[in-house]
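Dumping the structure here so I can ask a few things about it.
Should a chain be cited, it is by its letter among A, B, C and D, assigned in written order, with residues numbered from 1 in that chain.
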Amino acid sequence: MFRPLRVTIWNEYLHELEHDAVRKLYPAGIHAVLDAALSRLLAGAVQTRIATLEQPEHGLTHAALAETDVLTWWGHAAHERVEDEIVERVHNRVLSGMGLVALHSAHASKIFRRLMGTTCMLRWREAAERERVWIVDPSHPITEGIADECFEIEHSEMYGEHFDIPPPDELFAISWFEGGEVFRSGCTWRRGKGKVVYFSPGHETFPIYHDPNVQRIIANAASWAAPAGGLYLGRGRNIQEPLSPIAAKHVVDESLHRPK
Amino acid sequence: MFRPLRVTIWNEYLHELEHDAVRKLYPAGIHAVLDAALSRLLAGAVQTRIATLEQPEHGLTHAALAETDVLTWWGHAAHERVEDEIVERVHNRVLSGMGLVALHSAHASKIFRRLMGTTCMLRWREAAERERVWIVDPSHPITEGIADECFEIEHSEMYGEHFDIPPPDELFAISWFEGGEVFRSGCTWRRGKGKVVYFSPGHETFPIYHDPNVQRIIANAASWAAPAGGLYLGRGRNIQEPLSPIAAKHVVDESLHRPK
Amino acid sequence: MFRPLRVTIWNEYLHELEHDAVRKLYPAGIHAVLDAALSRLLAGAVQTRIATLEQPEHGLTHAALAETDVLTWWGHAAHERVEDEIVERVHNRVLSGMGLVALHSAHASKIFRRLMGTTCMLRWREAAERERVWIVDPSHPITEGIADECFEIEHSEMYGEHFDIPPPDELFAISWFEGGEVFRSGCTWRRGKGKVVYFSPGHETFPIYHDPNVQRIIANAASWAAPAGGLYLGRGRNIQEPLSPIAAKHVVDESLHRPK
Amino acid sequence: MFRPLRVTIWNEYLHELEHDAVRKLYPAGIHAVLDAALSRLLAGAVQTRIATLEQPEHGLTHAALAETDVLTWWGHAAHERVEDEIVERVHNRVLSGMGLVALHSAHASKIFRRLMGTTCMLRWREAAERERVWIVDPSHPITEGIADECFEIEHSEMYGEHFDIPPPDELFAISWFEGGEVFRSGCTWRRGKGKVVYFSPGHETFPIYHDPNVQRIIANAASWAAPAGGLYLGRGRNIQEPLSPIAAKHVVDESLHRPK
């Protein structure tokens, strides 16, 4: 039985309401452009939902997350306003299988940093410089449909190394910047049963989310991060009966196992 | 100029004071056995320090951490009593280069879970069963001096899969348990500039920390996790001057970069 | 436009013809059991083809490989009889995107060893012992449908560590053996644009390929290894025109670039 | 007991004899510059030996390899003239623990390709362009002593992605090129008991091997790739006696295990 991929597109959604330059590029919000792109590229196989910072519980209620296979995240200026309780909830949901696609400035979001265990900080410069995104793993499904060895973004914000992340489980893209930096711009990690993708190209004052290659990679990332796999428990299990016989006789002193 | 490796051995140090069975095996504390082993095996090349839960700031003052190259961690029943502020401090120190060797039940410590971003939970059974530790990466310096393909621990506590950790950057040992389980018992990860090792063999009521192979691996792990490498910044750097010329002219709207 | 996954099932196909014990378990060949399993589990989404050692070009003509998305490989006693030219052909096809699923004793096949660059040797014992296959990456699509933390094979051949392979890019299963060994029984690697899976459970005189969990993992592995991704060239490209301007003037001495 | 690191520096040593431009930069051969650098940077802790293509057995006799801890490799125009038998010999020696540091155009050497299992091909351009080598893993010992986030090479040959290598076990450097490409310029892999490093900066007509940062990384790489670790067998072991008791009775049909 076919079931569409249920993607929740989360957007901080402040810049678009407050800055003309951003509104001009993304009049209905960055989320609307991503929504249209996913819906078109994964036609018939995706069902989207929007969630934003200002909604109750940031739009990420227990019910909404329970019905989410993959969550895409865009935030920039208000990471600190995301409630810790919601971060905890999203974190648990990722561990139990929901995919997370962290976009651009989401490198500094609470949820991404929580999953990574590092600062996730980086070099950056907003100078409208040229970025070239090189595909370094042509075997990765996330790179499907990218026709050349690289693609260009005419005006981009530079994000550069050292990017303080754990070594990615998979590295599919490295960006070149006109001003002299490089960046691991396409990365994946596994956490619990969940898959995490980071993809850096994107910005609020450059039209990067309108770029067909960028859209394609984000759609592929959502597909790739869909829940899959075996039984995940994510809790301690005290298994007193062994599966195979044990020769020794042993009496457990339970008092040693009580929290002190 | 030779400088000895400065290792701080952290021990929860509660079981040894409260349980006869533990005291009998580790009369001066698990830390004392580890201290003796490191001092003997890394003779002349190590300088140790002890820190315990009940000391002020858990013995992990700013000064103590500043003088620590590698921290070994043993905790079991009182993970929750480790202050969040100290966890944060240790976390920062790991990111800036200090090695961390997490031992046995430290899989559930706050600091290890914080670095991993997962629950770090597992199957377990205390049944005095046989454990066989198989070396699966004979190229790894941590396995130096292990003479055979595996070594045995006659009576051990079973820790079994699925172990909810991020895929290790390196996996050097897998354990077999008489009762039927397997476990990734020797793992490493990189976080920031710091190296993290997890090694599971060890226990409070089995004399595992007296085992020569176990001691050898812990000593090797401390050596391996010593700080090394290049410049680590671990903070955002806004680099306004490009290293190479940029063709575009661009004026930054600074208001977009202020936290909201 | 939907296109079924084209799987070629390669089988050495000697034991079944020569040994009664094998013929009894696999009367039409191991390939026939795998074929039935794949066809049932990937119903409608797969199109299979059989190839065996004794066929001309081992059944792996240029045409056959060109129409193969994923090749499964079972060989045991006649690895050396596989022609180097065919190995080279399969190798090239893997690099250009074809998936390879190496089964059990295929660890010693020419093609697997060629892709790995190591001996791929291991400990082994045929003693009809119990094997328990533990899933260590529940996020991996290859583990989809495995209902428990592990599954059992009542009578198996032991394959044990150290298994001389490059560290797998992904490790999804570790096996426990009654006689005392462990084994990285489910591994993946990327080579060029191709994905490689190794899955050890299987044998000619034990009915392991009739096991539903084993069949499920092999079917999942075939799906997972399907070609995907971006442009793969796999040859040197001398790019004389830079993408961005270069300040220096330089005249190439072509004589330096001629093979000597 | 201290024992110096025994490094054999292998050089094709043809360009220096045939081309004035090369001889001017490396009058005694590229190997001489590397030798001086290693001897100075690893002062007292290294013992070097030179081997070149034109020597008998390319200078890589059984005796020479037996006394080599780490082999550095520079070749360019005559990869095909390296005898297969010698390649096989070096391959075996790497698997049994010798480190290999492959430099620049050694990406296309027989030994490197044999260890990798891929084509190892790449984009390239000789245009004297600027290269910036960014350190992306400041925790790696190979980056020790690099004072900044990156270092520059004023005139370099471009090597660019997609570089057809297996995903590196560790990635410590990524290069930026003025002409628009990026490259995974510092990588490591494990093969058997041996460690393999690839470091791309270097060239015959640019003075890159005189650069202090380049020299430092090559010296660090040699130190890091030194043999270490546990028992390596690298051959099949039929273990008839189990380590733990097996319930089943089983008679092996030996005829099934004979090569056909």
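What we mean here is this: a contact is a pair of C-beta atoms (placed from the backbone, for glycine too) under 8 Å apart; a residue touches a chain by one contact, two chains touch by 3 or more.
The structure displayed is predicted, hence computed values, not measured ones.
Take subunit B out of the picture and the remaining chains remain, by touching, one piece.
Chains that count as touching both subunit A and subunit B, per the definition above, are C, D. Interface comparison, A-C against C-D: more C-beta pairs in contact at C-D.
Set against the Cα centre of subunit A, the chain with the most distant centre is D. Chain geometry summary: the mean Cα position of subunit A and that of subunit D are 36 Å apart.
With centres set at the average Cα position, the gap from subunit A to subunit C is 31 Å.
Each chain gets a centre from the mean of its Cα atoms; for subunit C and subunit D, those two points are 28 Å apart. Residue numbers of subunit D whose C-beta contacts span two or more other chains: 123, 130, 132, 135, 137-138, 149, 160, 162, 167, 169-170, 178, 180-181, 190, 192, 231-233, 243-244. Every residue of subunit A that touches subunit D in the complex is listed here, in rising order: 123, 132, 134-138, 149-150, 160-163, 167, 170-171, 174-177, 180-182, 184.
Of all the residues in subunit C, the ones that touch subunit A in their complex are 97, 130, 132, 135, 137-149, 169-170, 178, 190, 192-195, 228-233, 243-244. Against subunit C, the residues of subunit D that register as touching in their complex are 14-15, 19, 21-22, 76-81, 95, 108, 114-119, 121-130, 155, 158, 160, 162, 164, 166-167, 169, 178-181, 189-192, 204-205, 231-240, 242-250, 252-253, 255-260.
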